[in-house]
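The two complexes that follow have chain A in common; it is paired with chain B in the first and with chain C in the second.
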Partner chain A sequence: MSFHLFTGLLACLVAGTLVIIVAFLGLYAWPAVRLNGFSFLYKNTWSLGFLYRNPITVHGQQVLRGAHYGILFLIVGTLLSTLVALAIAVPVGVGAAMFLAEGLPPSLQTWFSFFVELLAAIPSVVYGLWGYVVVIPFLGHRVFPFLARHFGFIPFFGGAVGSGYGLLTSGLVLSLMIVPLITATLRDALVAQQADLREAAVALGASRFEALRTVLLPATRRVLIGGSILATGRALGETMAVLMISGNAVNYLPGNIYAPISTMASFIVSQLDSALTDPTGMAVRSLAEVALVLCLISIVVNGFARILLYYEGRQSARVA
Partner chain B sequence: MSLLPNLRPVRNHRLAWMGGVLALALAASVSIGARTTMAAGTINILETGSSLLYPLFQLWVPVYTHTDPGVKITPQSTGSGTGISQAVAGIVQIGASDAYMSNALVKMHPLLNIPLCISMQMVNYNLPGLNKIHLRLSGPALAGIYSGTIRYWDDATIKELNPGVHLPHHLIIPVHRTDGSGDTFIFTQYLSFSTPSWSNNVSYGTTVTWPAVPGGIGAEGNPGMVTATQDNPYAIAYIGTSFQNAIEKQGLGIAVLKNRAGNFLLPSARTAEAAAAVMVPKTPQDERISLIFAPGAESYPIINYEYALVSRRQPSAEMAAALRKFFTWAISRNGGSTPHFMAAVHFVPLPAPVVKLSQAQIAQIQ
Partner chain C sequence: MTATPAEGEARAGTVRPTGSRRLRRRVFDSLGWSLSLLAFLLLGSATVWILVVVFERGYHALTPTILTHVTEGYGGGLINAIEGTGVLALGSLLLAIPPGLAAGIYLAEFDHGRLAPVIRFLVDVLVGVPSIVIGYFGYVLMVVDFGWGFSVTAGSVALAIILLPYICRSSEMAIRQVPHSLREAAYALGAGDARVTLNIVVPAALPGILTGILLGFAISVGETAPLLYTAGWNNYLWTGHLTNEPIGYLTYAIWAFVTEPFASAHALAYAAALFVTLFVLIIAIFSRLLLDQNARLRRRDQG
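Moving on to the complex of A and B:
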């Protein structure tokens, strides 16, 4: 077999996997898609129905009486926790990258960057355990009551602080997990910028920070967007850590930033065993539908990033 | 889009080194593991499920190893939902569950539901200053708390049940299980059998659609329920009696529950045996029956059979024999059901007529 054919086959295999996974998910979930209809996306009821009564037949499909599947709370929980994580991680990540690239002597740079990248190497379950043991009691008993008391006037910051499990905790821990992705990519891009850009800016009288802010950062905007999208993908799909700290709220939307939530990824894990006790199999198929929606959201986010990068690229080309 | 950071040579080197160590360790552990299983020719029995039954299995296993050295039993605490689904899938030999399988499920997967002992469930709370007092609670009051119609500890319903107790005006944090759970099953049965509105809207199951109660939290397994209650003042939770020692150690409250006859009772061997005595004659051949909310003045309202879900057909005669021997030992008053074991987890041994029924089912394992 020629080299060309062989590598081409491998490439097709990789690309085909995505199509196959989505196709199989769709096929498996199809009875659930038909049963649940569009209300799957905008209703707040996840109910397996009466597990201990006999199934009934709807549209030729065995279902449990009282079974309803609507996952708005999961979609909201997933998007909000990712949003909170990004709101924290992007500024912190950019700041850290600037410091690592410009504010440190080269000898220390290597070491600091090494540590930042190691953060990305920690398995997510470790973050989850740490969040469960350390972060939740600390936030729930000290930080959240303080925030609610002094910043309660900000929308969604007031009200009951609950127990530490919830949206803000998930966002915080997620942000820690994605900061290294943003920092590492941006730092490398900043360091890779040609020295003449920096020298030109400084020659025009810019301070070090001004040179960074007005010349170097805009030049690396593409990388920042790319890094953030990569981070978004990770936050959307993060499972274990969120499962351990989100409070696993079911069937209601968070009232404020401290409230318990659930995300699609963690919900699939936490509900699979229960779903398997549904004799009609509809619960598992509905979980597959959740997975399908999660897949679609991730694909949309990635597609959006591509479009953004494309326009960004054309713009910088014009400027250059 | 090449976004991943360039791996620095330093890191590569380190990673390679660490990888090498890891691989060596893995190889070593695998070879040791292989040797131990190969040498004795032991029969491995996997048990998974109920976190309520788990503490008892942990007590049983080391002792049983002396009785039958050829058998290695590995118990896991994963929740009854997992116990049912993994027994159905045939991944484990024993699925442990506080809930019997539903009619529809048994029809699809005809597993034996063998009771091994009787357990109880407590309702626990973390009320600063009041944990020493056994608060009185009823099915309707608990249904109100878990459906969000009773929001504060000093609600009229709870006050009425507890005259003279100074209850705080604080939001109640109801804690429920997020994993498929037999504890959820028996707790929601208590609510269903005592409160018609709960029966119509939520009903019972190993997983139910919990009404949305703002501030309510979910927890994994009985250990998670204990931790959540302990970490959250003003929380309330339903926890199996095998965790009573942990509850007492943490200084959490144990409620007295209203039974069908209208009496308020604490979980104890006496009240559990009273309830069992009423329900034993009603137990059918396949032993799938709820013992919840039993009649009788002294009957504790939440007791249940602890089930082992087992396939009638085993892959080998050795495995079938090993399982029969283990179950026979487990339900025997000279084996796993001695007062020594039962008292440690606050369980009650099966009454003699039920032992007979269980023995008949055990004999079907071939």
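Moving on to the complex of A and C:
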């Protein structure tokens, strides 16, 4: 076997892992997919049914009486926490990238950037520990009551503040976890811009900041969008930190920004033990369906971001 | 505000006193720079806050027992978890490096035709698949279907799936940096594909490849979600069984013990967080230094 073929086969194996994961999860979850139908996505009940009564047979599958699987609250919780995280991470990430790329002498750039990139290196569970031990008491006792009192007129900012576990806490911590993706890709793109763009802007009388804002940032717009979508993908699938700080609400739609939530990723961890008590195995298969939905969403989001970034890379290569 | 001062002025066709215009531009400039500085300071202070919390609490939780004893209920030590983290990390690297490196070689050296871009795309998407999805996949396939139970093998394979795309892409990047002249010289001397790649190109790209592997090491030490339902947890040291023997690891101790209402459990969680964070930090700094040195060497070679 030639070397070319050998490495090619192993490369196919690596890439094929993705296909295998999707196929196997789909196969395993199939009885649950058939049972739950489309209402899985828009109903708001996750209930294993009557654990101590005899199961009934649906579509040739044993199911517990009264079992209902609908994950609307998970979809809402996942999307909202990601949205809050993006709303914080994009402006802060862009600002930090501008400072790191243009506001510092080149000799300091690498180590200052490293400081932000460290945020990506800190493990998810350490964020969870930090959030659980320090951030939740701080937000729940000081910041949230203050926000609710003085900014309660903004929709979803008023009302009960709860204990600190919830949507805004998850969004804040998630934003820190995803911001390095935005800052790092944008900073690299800004630094890689041809010097002539900046020089042309400055020659027309623009200050350094005006050149950055009116010429360099628009030129890197697609990188920013691609990086933000990658960050979205990361926020959608984050597990441990969200598990420890979101409150893990079940069958509950948040009424305001402080309310407890649950995301698809954290729900898989928090519910497997309980799902295993279902003797028909349908709960475990329904959790596999949650994993399948999450996997498909992240494939779409990441695929879109990659295509955008490839396209950008090829275009800038052609210009250069 | 829709137009910059300069644009509005040009449209109006009037000339304002230059002093006020210069002032407005200067105010706008310094406002912009301050906001971007503020954004950076926010992120920097968050980094410091997290590290200070972990190091301070972790330092106070350290006792000699932690390094000598296994976990006993909500107290004792963490030697079982430290050992388990090491075993799982090495196991996953052992499983992920050969195919990951081979795939990287393929993507860098044989990037003609239609297959390579498709593979690259799938690998990049695989990076984004949430780790809990891979963990649940591992649980259903290996723990339940294959009957391996919570075990070193199931945990290592789940971790290896996470590492594969990182190692593949970082090896590809490193191999692409090797100058073409090296390959041409080797081919001119009559060497075949395999010899050129393995004897010339890969050794030249080794620092970059090793950096990728180091980062993979850090990832495997810091991951939790893929291990929860594949490796399980064990209060005792590993006895060497590859299947059907759960194994402990540090990140589990962080998650499970910090949520218990006992001071001794908290101490274990803080100590585990200190070990994990310190390890990840050292690897991050070391690999950054390595990359810096590489860039400097390359500049010197070219200059």
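Here is the rule we use: the second predicted complex is superposed on the first by the 302 of 320 C-alpha atoms of A that agree within 3 Å, B and C clash if a C-alpha of one lies under 4 Å from a C-alpha of the other, contacts with A are read in each partner's own complex, and residues count from 1 in each chain.
Operating definition for what follows: contacts are C-beta pairs under 8 Å (C-beta built on N, C-alpha and C of every residue); 3 or more make two chains touch, one makes a residue touch a chain.
All of these numbers come straight from a predicted model, not from anything done at the bench.
By the document's definition of touching, of the two partners only chain B reaches A:270; chain C does not. Set against each other, chain B and chain C differ in how many residues of chain A they touch, and the higher count belongs to C. Judged by the touch definition given at the top, the superposed model places A:188 against chain B, while chain C stays out of reach. Residue contacts after overlaying the shared chain place A:252 against chain B, while chain C stays out of touching range. With both structures placed on the common chain, the touch criterion links A:312 to neither chain B nor chain C. When both complexes are overlaid on chain A, the residue A:66 reaches chain B alone and has no touch with chain C.
When both complexes are overlaid on chain A, the residue A:110 reaches chain B and chain C alike. In the overlay built on the shared chain, the residue A:230 is in contact with chain B and with chain C.
Once the two complexes are laid over each other on the shared chain, residue contacts for A:45 go to chain B alone; chain C is not touched. Of the residues of chain A, those at positions 110, 114, 117, 230 touch chain B in one of the two structures and chain C in the other.
Here chain A touches chain B in the complex through residues 44-48, 50-55, 66, 68, 110, 113-114, 117, 136-137, 140, 160, 162-165, 184-185, 187-188, 223, 226-227, 230, 247-252, 255, 259-260, 270-271, 273-274, 276-277, 279-280, 309, going by the rule given at the top. On the side of chain B, the complex with chain A involves touching residues 1, 3-6, 8, 10-11, 78-79, 81-82, 84-86, 88-89, 102-105, 107-108, 171, 173, 178-180, 203-207, 209-212, 214-218, 220, 228, 231-232, 235.
Here chain C touches chain A in the complex through residues 4, 6, 25, 28-29, 32-33, 35-40, 42-44, 46-47, 49-50, 53-54, 57, 98-100, 102-103, 105-107, 109-110, 115-116, 118-119, 121-137, 139-141, 161, 164-165, 168, 192-194, 197, 218, 221-225, 228-229, 251, 254-255, 258-259, 269-270, 273, 276-277, 280-281, 283-284, 288, 292, going by the rule given at the top. Residues of chain A that touch chain C in their complex: 2-4, 6-8, 10-19, 21, 24-25, 28, 91-96, 98-100, 103, 110, 112, 114-119, 121-130, 132-134, 176, 179, 183, 205, 207-210, 213-214, 230, 233-234, 236-240, 243-244, 265-266, 268-269, 272, 284, 287-288, 291, 294-295, 298-299, 301-303, 305-307, 310.
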